[in-house]
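Each of the next two complexes has chain A plus one more chain, namely chain B in the first and chain C in the second.
For the complex of A and B:
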């Protein structure tokens, strides 16, 4: 795979795992004033309150153009940067028909 | 006024507590007529309720098998007529509560429980404002009401058994448990918690520790879920000052007198989470 074909793949997927994770890590760094690991359980570690959990929902919706509704609106989807990133990708794929 | 879906709960006051209690009822399928004198507050409440219903779902605090109830907002207390119960959640000031309770008692059916959500005013003091004092009972909801499932219920000396039983049944239908205590200034929770918050603020004001340090110690060493200063921010520092002043006035206990650190925050307009800043900075956060 050459550089050109990689660029095409990236364009087909509006947010690859790395940029979404990086954006979320940056957001958490700013808001929590601490570094978090992508796999870290944000609630289990006591870093994130239930009120902040809802802030994460709104942040994801506004930053990535998704709507989290129905069965997707559950805490497990927001438990770590990795699980939030997976949710963003899944909902973007659904919205894009992919 | 009746909602399309039948019997409703009337909630007086579209502030932090009134909105949270409205969300609790709606999440459990009970329609609400929300009354406030301020139309702008009612408009804000609609947005906030929608946000809180999502938050309740996120936290597993809303029954997934029940459609949310419908909310009607109104500036006329007459629209409370026909309610199964009334929750009064206006500003924690005696004159405001007396006015609201007296007005609503005239429009609901006799026997309708009048539930005052006060954090500290004795129920028996408020009972003088209503024509049938036996109908008045206290329910001190915690904030956020839609996430905390335990409610401090206050039986005044004139509260009828039927009013307590109806309130407990209502709370049960909303997935809430009740602990029933006797009437007293501040009841149990505010009497214990508010002087703690006052002292925590004082420690920050004296430079003994930062807000983060105080909360960290109380969480990590003493098992507090939130920490006193985050809790104070959540309550609202103006509300906390009002509550402390009332406790001080009613009991004469000096530790209830609002400390300078709290008073200064209120003077600066730093009222806690609801204003975006208190002991912590919440940025643009609205949740």
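For the complex of A and C:
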């Protein structure tokens, strides 16, 4: 019974339970002084200046111990909190599993 | 690391020494000097030993840049452009490209980075140079202006449009369709080899596109410029050191109204201001370099701040140094006259004073509230 109810809770809140996304949302809240949605297009909504785009890259590297270089420096990887979180997980898997 | 910095600084001192005024008047740096500096890793000091580089921190690399800048802003400008090229390869390039290109940049081959165009200066979002895919090759077309060190460069890293995004393409200067033409009589850094670069359907292998391209233009530009701004900022600290050296020597020795110039209080005030300018610029540079070395996200803003502070202080400080040396500094071929012209250019390149101010204001609007 216990196991089942926990599974339901997790399934209900996949976005908010994800720690990388949480940390990114917190960083954006602090730096941009505004609430963003995990799926929101940060560049399309004009929230991100050219300086801040670079700041985001360095922030990801410092916070999650990854290096974002070369082919990973694509807009699609930074478009939203969700896509940045996916990038972080992928690069952490590469680093950890290598 | 301290040893490597000291050795590199000694080499710069040895190769440049007191020759900068002659180079400035001639509008040309001796190529063997640049090749030797390049082969010693001095032109891109932060590239690691695994690629033949010195592996300096940003702070030590900055000190080296200031040392070069205090002797010759034209040599320092070549360091800025070449170092920016190496940084772009490290950041935007794939591992294979880093392994192929960085050893070249630490063994005497020279590189430059081409951003500006006739209609895209402060507004680099208006860049029109374009890269098109053609099988195993890409075709590059466009026109670049004011490319620092392009006159000397073997490799020109061209920032171009790649569909809706951007790409940096590594173009050999010898490739068919590459035309390099020097900017005649630049006001400052006269021997830095500024040139226009026209690219007439230049074909290069697809692996010359850093990271395969498709990278966001603002990210590409800010990445490369962040290194360039650090380098210019340290160079400005160097200009101020040269001015301070020349001015203090002059006011101690020169006598008017029966006493040394320094004993006149209006003169002493200028000396104090020059000292303050050098210290303020250096502190801003040190702060930005420490943030760089810490991998801190706010390094991007700290670099803009250091560049803005450095250029403003250098322009004002060099003007004051000319005033102090008066007739002795009112002729080309003197340290302070050269500093005066070079410093003015620093308020224009790598983001004008006004562009820096807009960026800093944007930052203030989100961070200071």
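FYI, the second predicted complex is superposed on the first by the 80 of 98 C-alpha atoms of A that agree within 3 Å, B and C clash if a C-alpha of one lies under 4 Å from a C-alpha of the other, contacts with A are read in each partner's own complex, and residues count from 1 in each chain.
What we mean here is this: contacts are C-beta pairs under 8 Å (C-beta built on N, C-alpha and C of every residue); 3 or more make two chains touch, one makes a residue touch a chain.
Model, not experiment: these values are computed from the prediction.
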item: Superposition on chain A - do chain B and chain C clash or fit; value: clash
item: First (chain B), second (chain C), both or neither touched by A:29; value: neither
item: Partner chain in contact with A:54 - chain B first, chain C second, else both or neither; value: both
item: First, second, both or neither for A:62, with chain B first and chain C second; value: second
item: Broader residue contact with chain A after superposition on the shared chain, chain B or chain C; value: C
item: Contacts of A:46 with chain B and chain C, given as first, second, both or neither; value: first
item: Superposition clash, chain B against chain C - the stretch among 202-210, 220-228, 256-264 or 274-282 that is involved; value: 274-282
item: Set intersection of chain A contacts, chain C complex versus chain B complex; value: 31, 49-55, 57-58, 73-75, 78
item: Residues on chain A engaged by chain C in the complex (per definition of touch); value: 31-33, 43, 49-59, 61-62, 69-71, 73-75, 78
item: Complex contact set, residues of chain B against chain A; value: 51, 54-55, 57-60, 144, 147, 219, 226, 230, 234, 273, 283, 285-287
item: Residue ranges of chain C in contact with chain A within the complex; value: 90-95, 97, 165, 210-212, 214-216, 218-223, 226, 295-301, 304, 359, 362-363, 366-367, 369
item: Interfacial residue positions of chain A with respect to chain B in the complex; value: 31, 46, 49-55, 57-58, 73-75, 78
